[in-house]
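Okay, got some structures for you below.
Here chain A shows up in two complexes: once beside chain B, once beside chain C.
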Partner chain A sequence: MNPTPAPAPASTAAVPDHAPSGPAPLWRTAVRGLATIWAVPKARLGLVILAVFLLTALFAPLLAPYGATDNSFGRNEAASAAHWLGTTAAGEDVLSQVIFGSRISVVVGFVAGALATAVAVLVGLSWGYARGFLADVANFVVNLFLVIPSLPLMIVIATYLQNSGLAMISIVIAITGWAWGARVLRSQTQSLRSRDFVTAAQFSGEGSWRIVFREILPNMTSLITGSYFGAATAAILAESGLSFLGIGDTSVVSWGSMLFWAQNSNALLTGQWLLLLAPGLCIALLATSLTLINFGVDGLSNPRLREGKGR
Partner chain B sequence: MRYVLSKIGLLLLTAWAAITVNFLLPRMMPGSPADAAIAKLSRNGTVSPATRAAIEAQLGVPGGSLWHQYVSYLDSIRRFDFGLSYTFFPQPVSELVTKALPYTVILVGTVTVLAFVLGTLIGIGAAWKRGTWMDSLPTLSGSFLSAFPYFWTGLLLLFFLGYQLRWFPTSGAYGARTLPGWNGAFVSDVLAHAVLPALTILITSLGGWILGMRNTMINTLGEDYVTFAEANGLRSRTVAIRYAARNAILPNLTGFGLALGGVVGGSLLVEQVFHYPGVGYLLYNAVVNQDYPLMQALFLMITISVLAANFVVDVLYGFLDPRTRR
Partner chain C sequence: MSLLEVTDLSVVYEPKGAEPTYAVKDVSFALERGEFVGLVGESGSGKSTLGFAVTRLSKPPARISHGRIVVGGRDIAGLADEELRRQRQGGFAMVLQSGMNALNPVRTVRHHFFDIFAAHGHVDRRRREARARELVAKVELPDLVLDRYPGELSGGMRQRVSIALALSLEPQLMVFDEPTTALDVLVQHAVMRTIRDLQREEGFTALLISHDLGVVLESTSRVMVMHDGAIVEDGTSQQILHAPEHPYTQMLLSHYADPRAEVVELPGLAVRGGTISTASTRSDDAGQDGAVAPAARPSAVRAGAHRSAAREPVVVDHVSKVYPAPRRGQARVVAVDDVSFRLEPGQSMALVGQSGSGKSTIAKLVTGVERPTSGTVHVGDVRVDTLRRRGLRDLRRQVQMVFQDPYSALNPLHSVEYTLTRPVVNFSDLRGRDARRRVLDLLDLVGLSPVEQFAAKLPHQLSGGQRQRVVIARALACDPQVLIADEPVSMLDVSLRAGVLALLEDLRVQLGMSMLYITHDLLSARVVTDRIMVLHDGRVVEAGETAQVLRFPADPYTVALLDAVPQPGRAGDAA
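Now for the complex of A and B:
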């Protein structure tokens, strides 16, 4: 719409001419943000774990010893040199399934997380900036979405959309999972709304839309990043829960559907604890990595949560 | 009193909205429950228009305008009439739901209160000892535990404590050999069956409370009155409990109401793992069998229960914090 870069903060106006031009600032901001997160030990651990899963998902065909749905092996085998984590009741290699399963969780986490965050930003910011009747309506709707338990809602919607694919599941997760972020962003918008720079923008005749998304939004980068990782974590857990219930496409190999098949084929009785342990541990680790990264993101917006300053 | 009245008003309004969502959901979706049932039937042969009409009437697919449907829907809710279940035909849905609800409410209610108290205490300790191992151990393990999928924790406990060590029964709410009744044998049997599901919910939800309390407590520790109390030379335990924790617990209590939805969702999965005959297991059965009337009723009951719990927390909050009553 408008190709001019975002207005520089007032303090840099006095600094002459080394304002970089072109796409560099965004790139540099991202690197600086990453460095800030990296400085927090817990977040560093999270970034490392996340990187491992991203690489696994990306290079799954190279890393996996067999295909994910290749069922030409013995059934219910225990761990061996050929099958490090054993085989499933259908004769598939568990390790290969775990490796390929990472793709589903990573993609759903990032896509559904992004969708939910986009809705949260849109609703949260305009809701925080608006006053009067519209704000009350938004308040009611968001609170409704907050109190309706999301998993049952997802289950009901997904059951109506029979055999829905991954894209549909992501959308369902996003629809049910944006309210928390919206509420957090709204309260921050409300506190920013009365700051001087917003008043200045109003007096200079900027429209509300522009004030909200060009003046206020850049100040909430850390909060939005935080709610993005939160939403992605929730999405990963939700997808695994739905797959575990056998909702959605159970033929897709995901960590949740692996556990669905494990339970339905009595892996508990055959004593294949690795088949139970591996997929769930991966879900937990991936979700933890995002939570850990959020410790660093928290530090960006709230200096009190920065580490290493004990009483 | 005005505060309580306004909360009751909000509860009724939210409940109405939830009921309306429940009404609109199936109507916004492609296909209809009757279509699905007829599709199942037509696998065994052709379905005549007469049969179709009979099924639609039976499954409560009312004709008429949307408004007309809505009014009769509200009326049937008032009479607690949710139609008949497909799966457990011809049992009324309301009967199935009332049978399952107590199991879930008691299990989730008890464990959630326990987890809240325990998590809050650990959170207070972690915030007070910020920067030491007494902080990093609970926060790290807390964030790891809260990332556990409920059903996975359940599966692991079931496998190791149930199947391998045989410490606890593995499925159901009571054994096949005990007869329901108010006697010692039955009650202890029910308790033994509840241990694993309860432990699962406790382990998985504890982390969230620890982290929540720790963060609000750290914010409170930065307040002037805490610094003042310290400057006065009060014992550190007094400062931590009487000054900081007392104020930090309020925001954490708000979180209680909101997190409840998540715990309920998780416990649905846990019930499926342990075949615990509560609402979650029933919902699972409804989903697998595409039993739409049962599914809708369960969703409504779960939502209303969470709303009611939130209402109780809100009212309690009003009594604990006079500022909210203004």
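Now for the complex of A and C:
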């Protein structure tokens, strides 16, 4: 028995007079996808948290009471009405830094996540579809990336690429973070490629690329979205980790670099635990929100995968 | 007093965010002790929902909305879970269609028995081993099976194990939900015989749920016919067989015939003695799936006309296919063993055999999907077994395939129009408006009208029969010379089969294609093919004219296959 509700059919009226009707427009698919995720309570909480961070990042200049690098205040001040979270050892306002720091984490998270997912999709799908020598080569490369511990690799690459800016950090994170997603997508591709509709597409004269990207890829929407949020989470954590270790540009205000400076100035010993807690909590919350959203992603394309109806 | 009394039972499906639908509507019936009753209906008739409801195995979103289910004087419709669990011993048990997949793969069969004994505590600890042996013996399995893991047993053996497990609760009522549907033809026959014998010896009450009226009539003494959530006819097997009252029952019965008969006729499919002829009227064949197959239409003629290449035969010459051993130490698998045949242009030939007989492998060899280990395959002048990518693509213009499962042969995310446009664009010069016109012509050809509406639909908005028509239309898009149909109707309801078969046969004659029809169903082979090849373990055991071979089979394997065809007329045997 499989009484899964069928996905809401796109409007079946009015077909354009010519040209084959492709899939529904992208924005409509996106809206429907968002509604599916919203329907899951956990994911809804995640979306709300994420939205708060996104808005904070977007309107940072309006929200922050002072500039992020404005060091004209007293040093190591405790929380007060003027400085809700106190000031740093360099005399900057901690709240303003937290607000501006969200920009870095959000941007790096989503950009590096997107890069890693793009590589994972490309490698995973062609690896799953190919057979023979190419598949073996892909297998070797992916396994190589999986066994190398990613943090040391990141540190090595990041130190090698001197004066690494945000773009560089994103690329480094993408390079070290795609392998897991590729492996997951590859298994799903392998299971989908044995389905009759793929053989049927071959019989319809379709080329390999078209089969992979028009027949197989759309059936993996939820996996890809899931692996995107997973990669974004990993990227946010990795960026913070790298900044905390002082790799990358420590003069840029990010949650990671705040932790780095707080650690350098022995914030805990001076009783300024807020200096560590605020950025740390933000990192944890942002990562949690993405993980929560992932709970809702399962519903994206699964009902359609289980298309065959029970007798 | 009846063992089971169901009064005004309704079951409703309440999926989130969708309209509730009543799968079972106000059904009432009673089962007497020791009765063997069949419950027949096609997919969507609510028969399985009813079976799950009376054993209280319904899961959300299905819910018993009202009604009483009285077992042995006790209403179980509203029983709490724990009480229900205790009731299962000595009460009711169920054997599922996928019963062979219901076993835990990491526990031996013995564990399965002991788990049940432990859960209900109805067998003394010291007697458990003996009892387990006794139970497997009842389903005609050796003791050794107890030491095996489910993965080491064949499908038929696993289904027997799940029957024995159901028996271990000493139920008064056994519900069999399509117990043999997922099994191979010959195995199916044997398992049904075991079930019949068991029921007679043990004397439990049995409810056999099946889509196959033939199977049910062969085994049961009373039959209930279900349609659209209601029981439309309830009578003894003899009554149902000889004097069916409801038009739905009559329609179901009309789809059975003996492939050995001199003249075989199915609704919408013509008499086919030794000679070829097609039906003149095809009005009723597709009424069930809301589509009407066209008689010869101008579009069909046009579709066939713009290809005038010489029609050439398919020649398979001493072909063998050997697969490497699945595991170390096991023997290599010889899927096809020295098979030769010639399929003349315009001819239709059946390849029959049970699963594993190599018939699908032959289809793969002919279409170039697999390469033979030895021997050659020619389509006209083209040698298929050495083709590379480019050549294979060209071969697809001539050789197309109709798939077995219409539910997996269409990409769920693509509209019918997209699916049909791709081969048109890939194999012809038609683009834009012209391509679209060709797609609509194809839909018209397979009887899916209004064409504009069907073009816009997604697969899940179509019925099984309609999907299979789309699959056929896709195969015809490039005007192939040879059509390979791999069990094209085995996944469809009985009433839809004749319609799809008639369509295939019509189109084959109209467009002058040759067809290789792969099936285990001898009846359908009899009505759509001229020649037949019977395969057993990769070898051809018998070949010749279809009518001749089926009426006067020479090989014992052919006879066994013929015997396995469900025959409503054999109903008397069981009683």
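The working rule: the second predicted complex is superposed on the first by the 274 of 311 C-alpha atoms of A that agree within 3 Å, B and C clash if a C-alpha of one lies under 4 Å from a C-alpha of the other, contacts with A are read in each partner's own complex, and residues count from 1 in each chain.
Basically, a residue touches a chain if its C-beta (ideal position, glycine included) is under 8 Å from a C-beta of that chain, and two chains touch if they have at least 3 such contacts.
This structure is a prediction, so every number in the text was calculated from the model and none was measured.
Engineer: Using the touch definition from the top, say if A:Asp196 reaches chain B (first), chain C (second), both or neither.
Structural biologist: second
Engineer: Give one of first, second, both or neither to describe whether A:Ser254 is in contact with chain B, with chain C, with both, or with none.
Structural biologist: neither
Engineer: Once chain A of both complexes is superposed, is A:Thr56 in touch with chain B (first), chain C (second), both, or neither?
Structural biologist: The answer is neither, since A:Thr56 touches no partner chain.
Engineer: Have a look at where A:Leu153 lands relative to chain B and chain C in the superposition and call it first, second, both or neither.
Structural biologist: First partner only.
Engineer: By residue count, is chain A touched more by chain B or by chain C?
Structural biologist: Here the partner covering more residues of chain A is B.
Engineer: Using the superposition described at the top, list the residues of chain A that contact chain B and also contact chain C.
Structural biologist: In chain A, positions 304-305, 307-311 sit in both the chain B and chain C interfaces.
Engineer: Taking the complex as given, what residues does chain B use to touch chain A?
Structural biologist: Of all residues in chain B, those touching chain A are 13-14, 17-18, 21, 25-26, 29-31, 36, 128-132, 135-136, 139-140, 143-144, 146-153, 155-156, 158-160, 162-164, 215, 218-219, 221-222, 257-258, 260-262, 264-266, 268-269, 272-273, 283-284, 287-288, 290, 295-296, 298-299, 302-303, 306-307, 310.
Engineer: Sort out for me which residues of chain A touch chain C in the complex.
Structural biologist: Residues 1, 3-7, 9-10, 12, 15, 17-23, 195-197, 199-206, 214-215, 218-219, 304-305, 307-311.
Engineer: Enumerate the contact residues on chain A facing chain B in the complex.
Structural biologist: 42, 140, 143-144, 146-153, 155-157, 159-162, 180, 233, 237, 240-241, 244-247, 256, 259, 262-263, 268-269, 271, 273, 276-277, 279-280, 283-288, 291-292, 295, 298, 302, 304-305, 307-311
Engineer: State the interface residues of chain C toward chain A in the complex, per the touch definition above.
Structural biologist: Residue list for chain C touching chain A: 13, 15-18, 43, 48-49, 52, 59, 61-62, 97, 178, 181, 211, 367, 369, 393, 396-397, 400-401, 403-405, 407-415, 417-419, 421-423, 426-427, 432-433, 435-436, 439, 452-453, 455-461, 471, 474-475, 477-478.
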